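One structure is given here, and the rest of the page talks about it.
Chain naming follows the written order as A, B, C, D, E, F, G and H, and within any one chain the residues start at number 1.
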Amino acid sequence: MRTELRIAGFGGQGVILAGIIVGKAASLFDGINTVQTQSYGPETRGGASKTEVVLCDDEIHYPKVISPDILVAMSHEALIAYISDMKDGGTLIIDPDMINESEIADFVKKHNIKLHRAKVTKTAENEIGLRIVANIVMIGAISKITQVISHDATKEAILDSVPPGTEKKNIQAFEAGYAMDGN
Amino acid sequence: MIKIKSDLCKGCDICIESCSKNVYTKSSKENKKGVYLPCPDNQENCNNCHLCELMCPDQAITVEKDESNKKSNVGDGSDKEDVEE
Amino acid sequence: MSEELFVQGNEACAHGAIKAGCRFFAGYPITPSTEVAEDLAGLLPKHGGSFLQMEDEIGAIGAIIGASWSGLKAMTSTSGPGFSLMQENIGYAHITETPLVIVDVQRGGPSTGQPTMPSQGDMMQVRWGSHGDYEPIALSPSSVQEFFDFTVKAFNLAEKYRIPVILAVDEVIGHMREKITIPDNVDIIKRMMPKESSDQFNMDNPYLPFKSDENGTPPMATFGDGYNIPVTGLTHNEKGYPDSSDPKAHENLITRLCNKILNNREEIVSTHESFCDDADTIVISYGAPVRSVFTAVELARKEGLKVGSIKIDTPWPFPETQIFKAAESAKNLIVVEMNLGQMVHEVERIIGMVDGNKPNVHLIGKIGGELHKPDEILSKIKEGFS
Amino acid sequence: MTEKNVNSNNKNIQTNENPFMKYLRKDRLPNIFCAGCGNGIVMNIFFKGMESADIDFDTLALVSGIGCSSRIPGYVKCDSLHTTHGRAITFATGLKVGNPDLNVVVFTGDGDAASIGGNHLIHGARKNINITVICVNNNIYGMTGGQISPTSPKGSFGTTAPYGARDKPFNLAELVSTAGATYVSRWTTVHPLQLSKSIKKALLNPGFSFVEIVSQCPTYFGRKNKLRTPVDMINAFKENSANIRKAAKMDEEELVGKIVVGEYVNNSRKELTENVRDLSVEQCCRNLAIKSAYQDKFED
Amino acid sequence: MSEELFVQGNEACAHGAIKAGCRFFAGYPITPSTEVAEDLAGLLPKHGGSFLQMEDEIGAIGAIIGASWSGLKAMTSTSGPGFSLMQENIGYAHITETPLVIVDVQRGGPSTGQPTMPSQGDMMQVRWGSHGDYEPIALSPSSVQEFFDFTVKAFNLAEKYRIPVILAVDEVIGHMREKITIPDNVDIIKRMMPKESSDQFNMDNPYLPFKSDENGTPPMATFGDGYNIPVTGLTHNEKGYPDSSDPKAHENLITRLCNKILNNREEIVSTHESFCDDADTIVISYGAPVRSVFTAVELARKEGLKVGSIKIDTPWPFPETQIFKAAESAKNLIVVEMNLGQMVHEVERIIGMVDGNKPNVHLIGKIGGELHKPDEILSKIKEGFS
Amino acid sequence: MTEKNVNSNNKNIQTNENPFMKYLRKDRLPNIFCAGCGNGIVMNIFFKGMESADIDFDTLALVSGIGCSSRIPGYVKCDSLHTTHGRAITFATGLKVGNPDLNVVVFTGDGDAASIGGNHLIHGARKNINITVICVNNNIYGMTGGQISPTSPKGSFGTTAPYGARDKPFNLAELVSTAGATYVSRWTTVHPLQLSKSIKKALLNPGFSFVEIVSQCPTYFGRKNKLRTPVDMINAFKENSANIRKAAKMDEEELVGKIVVGEYVNNSRKELTENVRDLSVEQCCRNLAIKSAYQDKFED
Amino acid sequence: MRTELRIAGFGGQGVILAGIIVGKAASLFDGINTVQTQSYGPETRGGASKTEVVLCDDEIHYPKVISPDILVAMSHEALIAYISDMKDGGTLIIDPDMINESEIADFVKKHNIKLHRAKVTKTAENEIGLRIVANIVMIGAISKITQVISHDATKEAILDSVPPGTEKKNIQAFEAGYAMDGN
Amino acid sequence: MIKIKSDLCKGCDICIESCSKNVYTKSSKENKKGVYLPCPDNQENCNNCHLCELMCPDQAITVEKDESNKKSNVGDGSDKEDVEE
C-alpha cells in the first residue's frame, strides 16, 4: 500500500529534517520502500517549507505526493496552503498552538479528516527546553499516531541523523512526542 | 514615535543591539512567521538619531520626524572622515 | 561488506565516484548540484583524494582535465549556467581524448531561470553545446541507486573510450532521497596503459599517443611517465603534433573520435523495454519522468491498453536501433520529457528511416519544474486509443 | 497620460514611513534576505550615500550578478539589470559607455566579484570605467548555501571546507587598488556613517570606484563559524575593525584577524567613457550617438 | 549615393553593421572573425559609435547586452571557442529579450581545432548551445554582398523580435573578397518604444516591460527613460519581477519566448529555390557550400538531370515548410554542409512527417577546411539517377 | 624493448650541436615564430634556468594556453599540455595537485595570462599553487595578428587600436604580487643572465612563481609602433629598462616608458598541493593516492 | 569565360596584396566579376603563401581555383607546390631569379605551358630600390602578359590599395613590370 | 668554430647585434626562404661567451666547445644578482 505523507511549516522549524528522519526510519530500519523529496531554494527562506515522503511495500515509481494520506502542519500558512490536497478520510496532525483551527473546521468535517493535535512547540519549549526540537517531537507524534514508522526504527533514524552530542535531547524529544495522545 | 512593521520585521535584534539608548527590548509577541518582534519600550530615551532605521535590514522601523527637536548625532551633519569604530 | 544508506541522489553520486576510484574533484558551487561537491569535499580527503573549489566552472573543468593527465580519475559537477561555461573545455577534452566525468544536474533554463526547479532542458546542449563535431556519451539515472550505479558506469565509459562522459541528471533525482546499496566491490574499467595495449610497441612501432588500436581508442600514458606526450587542442597527428591546416589530418582525427563512439554504440547504449512486444503505444522517457511513465503504463495495462515503455539510460549516443524497433512495431510513440521537446527530435528523426507505416510521435513536454503526473501521461496514451 | 512611472523628487517627500521605503518596490517586500542579513543594511546605507551625493534617482541604473547581495537591485525602484554570475561589471560597462548619463552602480558579492568575476573586476579597475562597485563581502557564498569564497578567512568553515579553509584569502581592496581603481575603500555594516560617506565619494568619483563592505551572513557564515546570531556577527565586526591609518602602524601579528577599514585609494585618471567619447569627437566631431536603436536615419 | 567596394566578407559585415545603425561593438579577437572587430575599431569612432575590446568573450557579450539596454544597437563577433564561452550569456539575452547581433565566423572544431580553416561545425550549437529551451534566429550568407545584407537584416530581426540573432558564417565567406554595393539607404526596423505600441498604456494599463503585445514581443524601453525596468535572468513575470519557483510563470515566459519566433517562422525564414518544380533530386545547402551546389546543379542540368536546389538563408528557425514541400516532391534530398552532418538532422526529422513515399536523404558532409568541389556534389547527384 | 622515449641525462651529452637542441622536438623545426621573435630566446633562457636549477627534465610538464608564446611547450621534448586560451593555469593546477612530483611550468602570453586568463592568474597566485608561470609579455596579441592587449602601453597602436590605445596597461608583476604569488620578477629578452637566474629561483620556489618577460613581437608590435626590426625592438628594451631598486628612487615622470625590471617578491607561504596533501594525511593517514585511473582496487 | 589565377610565393613577398589588387582592378575598375581568396594563419608565416583570383563575365559560384589558367610563382617552393594543378596550355609567370627552371622544364613542355619570366625581384631592387615592391612589379607583368586586367584599372587599384605616401614608388614599380616583355 | 644552420636561421640579425665582439656580419647569401644569413666573419674575436647562442631565437647557432680555452663572460659563473642592463 502506498502512503503519502507531507510535512509543512515555515523555514527554520526543521521540517525537512523531519522528512528525512521519517524516510530513513521507514527505509533503513523498517525496510519499507521510501522516497523523500522537498522544496528548495531561496524562495523557501523564511517562507513556507515542505517535505514529502512516499512509503510503499512495492516499488515506488512516481515519487511525489499527489494527495496526502497524512498531512502534518506546523504553521498556519502551511496548513492553509496544503490542506485542500488531502485525501478524504486522511490524517491531519497539527500543532494547535501554531494554528487557527476554526478556519479548517468545515473542511475537516466535510472530508472526513482525522484531526490530531500535537502541541509539539510547547512541548519542546517546556519539556525539553529547546524550541528547535519541535520537529523531533513531531516525529514522535507521527510515529505514534500514524504507525507508518515503528517506534524503534524512528529512534534509530534519529540517532543516525542528529549531530553528535545532541542524541539525548533528541531522543527525549522523540519520546515526548511518542507519548502524546494525539487528540 | 517609533513604529515597527511586524510584517517586515524578521526579529534579528540588530535594532536592539544598535540603539545606544537601549530603547528596544525583545518582546514575546510573535508575528505570523513565528518571529519575536522588538519593542521600543523605552522611547522616552530616544534621541532621534535614526541609527536603528539605518541598521534595520528590513526597513521595518520608522522613527517619526515629529520628535525632531531632539539632538541627532547621526544625521547628515558630521564631516569627520574615516571615523574608526 | 555492502552498505545501505538513505541519501539524496547527489550524495549517491559522490559515493559512486569514490567507489569508482575518482580521486580528484574540482568544482564550483551551483544549485541544484552543489551537494555532489560538498559531499566530496568531505569524502575525498578520507580516501587520499583531492578536492578543489575553483574560481569558476571553466577553472573546474580545466583542473580536472589536468588531473586526468596526471593519471587520476577526475570529476566535476554543475548545472546549466556552469555547464554552458564548460562547453569550450568539453570540446578540448573530446579532441584531446581526456577521460572525465561531468555531472549536470539540470534546472530550469535558459539563463538563471529556475535555480531550484527540475528540468531536462540541457539534453541537446549535452549533444551539441560545444563548437565543432563530436559525439558525447551521456547517462540519465531515474533513481538514487541508479545515480550511484551510473556514476560508476560513467567513469568506466570515460576510461574505456577516453571521453568526457556527462551525467545528465534532473533536479528530481539529484535531490530526492531513497535507500541505496553500496556494494563492496564494483566493476572497474582501468585506463589502458601503452604497455597493456594489444599493439606491441617497440622501437619500430613506437607508442604514438593519438594512434588508436583496432577499437578506435588509443591507450593513454600519463604525464611524468617518460613518454613525452604533446597534448594539444589543435588538430593533431598521431604523435600529437599540431597539424591544423591539413584537411586530411583533421578529417582523420575527428572522424576517428566520432567513430570510436558510433561504432561502439550498441555496447555503450542501454535501454529498458517493458511490455513493448505487443504494444500499440510505446512511451519513451529518461531520468525522473521514467517514474511517472512506469506508473502511467501500469495504470494503462490495468485498463487493458496495450502500452509499453522504453526507459533510456543513455540518451547519447542515441539508442537508434532500439527506438527504430519500437517505431516499426508501434502505432504511437509518446516521448515524455521535462523540456519543450529535445530528445523527441531524435525520435522524429528515427521515424524518418522507417519504411512503410510509421508511427505517430507525440511529445509530452513540460517545463516549470513539476514532474509529469502519471495521469497526464495516461490521458495522452488513451488519446491514441480513441 | 504618460506611462512613465515618474519618481523624481520622491526623496523630498516627507512621509511617516521608513526613510528608504520610497526607493523600494514595496510589492516585493519582505525581501528574501534572512533575518539579520547585512544586505538590507547595505541598501539603507547606499540610499543615504546616494542622497548625500545628490544623485538623481532617475539616472540610477543598478547592475548585479548572482548571489544574495546581487538581489539588492531588484528591490530598488529604478532600472536594474540582474545578470549572470560574475559578469555584472561587463554589463555595467556596456550600459555606461552606451549612455554615459546614467549613474551605474554594481552590487556584487565576494563570490560574484572575486571568484568567478575576478577578471572583470580587475579589468574594470584597469579601464577606470566610471561606475561604482559595491561589493558585499560576507566571506562566503550565501545564495548557494555556505560554500567558502576567495575571501573566506583561513581556518573558517564552509560546506565545501568541512575541515576548514586553507587558502590565503584575497585582500580585495588592495587587489582592486593595484589593478587601477581610482577610488577604493573598505568598511563594515557597523560603520554606517563612514560607509555612506564613502559611497558618496565613490558615486562622485569620475572613474572606477570600489567599496568593499564586510557584511554578515548569519545563516551560513555565522552558523558554521560560531557566530550564532546576527548580533554576534556585528559585534565581531566592531571588535575586529582597525582603521587603515592605525593598521599601518601595526605589525603582522597584531593584524591577524583584523578587518582593516578606511579609504585605500582616492585619485584620478581619465576614465573609459571619456576616452571613448573623446575618440568619437576627434574622429567625427560628434559626441557619442546615443539610442541608435530607436532611430531609422543616421547622419552619414 | 551608393558605394562599391572590393572587400572581405568580414569587412562587409562591419559596413553592414554601421549602415544598420550599430553604434556599439564589444569583442575579443579570434581568427577568423577578427577583421569584423578591427574594421569596426576604425569605423565606429567615425560614426559616433563606441568600440570596446573586452578582456574576453564573456565580457564582450555582457557589454553588448548592457549597451543594448542603454538603447544602442550592439554587436559582437567571434568564432567557435569564443562562441562557446558566450553560451551562458546568449541564454541571458534570450530570457531578457535583449536585441543583439552575434557574428560567429566558423572554423574547424572542436576546441582550437583548425583556427584558420572554414567549417560549418557550429550550426547545431547555434540552435542548442545554451542550457534550457529557446528558439534562436540565425542567418548564413553565401557571398560577401549577402554578408553585408544579412548583417542589416540581422539587426532588423533582432530589434523586431527582441532576440539575439546569430550570423552563422563560415570562414570562406568571412575571408573571401568580392565587390559589394553599399546602398545609400537600407531598410531599418527600429526598436519599438512603449509609446509606439498598439497597446495604449495609461495608469490603468501601465507599460509592463515583459508583457507582449499581440505579436508576442513586448515594446522595449531603455534604461534612464524613467520606466524603472527590473531586468533579470531569473524566470520573471510581466513586470520583470523574479518568480522562479512558480511552474506557471516559467511556462508562460518560456513558451512565449519560443512562440514569438515559431509563430512568425514564415516571416523570418528565407530560402531560395531554383529548378525545384520538376526536380527529382534537390540539393539543400547554406553558406559557402551553396556556391559549389549552384555550380554542380548547373552542370547537372546541362547533362539533362532534373536537379534543383534550395539555398537556406536562415538555418534557424529551420525552414520546415520549404523543406517539407521539397520532401513531398523529390526522390532524393542531398544536404551539403561543411561538418559531419548537422542541419541534415533537421531534414531527416522533416522527412518523418511526410506521408507516403518519402525521399532518401543523403549527406555530403565535409570537414577539414576544403570547400566541396562541384564535382563531388555532381557525382553524388548522379548516384541518385543511376 | 621499452617504448619509452627516455631522454634523461640528455643534458649531459656533449655534442657539437646547439646546446638547447637536445630539449627540442627537432622534427618540428623550424618553429612557427617570426624572424627575431622573442619566444625563441625565451625558450633558450628557460632551458638555461632549468639546467641551473637542476630540474630533472623527465619530471617537466609544460602547460600553455593559446597564443604564439603558448606554442613554446609543443616544441619541447617533454610532456606538454597546450590548452585553451587563458586557462593554462587551471589545467596546470589539476596536473600539479594530481601529481605533486611533476615540475609544472606554464608558458603564457600577455593576452592569455592577463586578458582572458586574468582571473586564473590571480587565483593561482592566491592559492600559491606550486607552479612556475612564465609570461611572455610582448604587449600585443601576436597569434591573432596584432590587436592590443591589457599590457599595451598607452598610445601604442594595434589593429584594434587604430587611433592608439587609451587604457592604462596592467603592471602584471605588481598585480600578481598583490594577488599573493611568492616569487615574482620581471626581465626582458635582453637580460638573458638575470632572467635565467630568475627562472632558476622561480622553479625552485615551492609556491606560485611568476616571471614576466618583456619580449619582442617585431611582426606586429614592432611594425605598428615604429620599431621596424627585431634589433630595433631589443635595443628599445635595453634603453628603457630600469632596475627596480633604481626605479624606486625615480619619480613618476622619469618612470614614463620605463620597463622596471628585477625581483618583485621572494617570500614563502604554504602552497596548495601541500595543503591538499596535509588534509589527506590528517583524514586518512595517507599521502595522496596518485594514478587512481590505472588501478582497479582501492584501499577501502 | 572563367579565368583562374593563382599567385604564390613565400610569406613577406606581398603575394596576398597582389591578389587583392588584381581582384580590385578587375571588379571595381574593369567591371568583371571577381572573387579573391587566400590561405591564412600561423602556418603561412614564413612558409608558403598563396592567393587565388577567379574572374568571370558571368556570376561566379564556386569561388576557388580548381586548375589555374594562370600561375604566378615568386618562389621555387611555391612553384613546385602548385605547378601540377595547372591547366594544359596555361600561362606560367615566374621570377627566374627565385627559381630553378630546370626542375619544371619537362612539365612545361609536356603540358604546353606558356612560360613567362619576369625578373621582378631584381627589378624592384635595382630599378625602384625597394625589394618589397616586387609584388607590384609582378602585378605590372601580370597585367601586361595575361591581359586579364587592364593597365588603367590596375593602376587605379594600386592607388586605392597602397599606403598614402607610397603611391609614386608603387606606380613606378607597376610600370616597370608592365614594361617587361615577359620572356 | 661557429656554425649557423641555414635551414633554421630566419635572418633576424639578433646575433649580429648581440655579439659585443662584432663576430658576425650580414652576408648576401640567401637561404631557401629568401633570408640573408649572418656570417661569423670575425671568428677570431670570439671569446666563446655563448651569448649569441642564447640570443638566437631559432637555435640556429652553435658555438663549438673546442674553443673553450677563451674566457667566457656569460657561462654559468656569475653570482651577481639583479644585474641592471
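Methods note: a residue touches a chain if its C-beta (ideal position, glycine included) is under 8 Å from a C-beta of that chain, and two chains touch if they have at least 3 such contacts.
Just so we're on the same page, UniProt names per chain: A, G = 2-oxoglutarate synthase subunit KorC; B, H = 4Fe-4S ferredoxin-type domain-containing protein; C, E = 2-oxoglutarate synthase subunit KorA; D, F = 2-oxoglutarate synthase subunit KorB.
In this text the structure is predicted, and so the values were computed from the model without any measurement.
Greatest centre-to-centre distance from subunit B is found for G, with centres as Cα means.
Counting C-beta pairs in contact across D-E and across E-G gives the higher total for D-E. Centroid to centroid, with C-alpha atoms defining each point, subunit A and subunit G lie 86 Å apart.
Our note on geometry: subunit B versus subunit E, Cα centroid distance of 56 Å, whole angstroms.
Centre to centre, using the average C-alpha position, subunit D and subunit F are separated by 34 Å. Among the residues of subunit A, those in touch with two or more other chains are 39, 41-43, 46.
The residues of subunit B that reach two or more other chains are 10, listed in rising order. Residue positions 30, 33-35, 66, 82, 84, 115-116, 118-119, 123, 143, 150, 163, 279, 282-283 of subunit D each touch two or more of the other chains.
Subunit E makes touch with subunit G in their complex at residues 4-6, 31-32, 115-117, 171-172, 175-179, 288, 291-292, 294-295, 298, 371, 373-374.
Residue ranges on subunit A touching subunit B, taken from their complex, read 10, 12-13, 46, 75-77, 98. Touching subunit C in their complex are the following residues of subunit F: 1, 3-8, 25, 27-28, 58-59, 61, 63, 66, 73-74, 77-84, 87, 89-99, 101-102, 119-120, 123, 276, 279-280, 282-284, 286-296, 298, 300. Here subunit E touches subunit D in the complex through residues 21-24, 26, 45-52, 54-56, 58-60, 62-74, 88-89, 92, 99, 159, 188-191, 193-195, 201-203, 206-207, 222-234, 241-242, going by the rule given at the top.
Of all residues in subunit D, those touching subunit F in their complex are 115-119, 122-123, 126-128, 150, 163, 166-171, 174-175, 177-180, 269-270, 272, 275, 278-279, 282-283.
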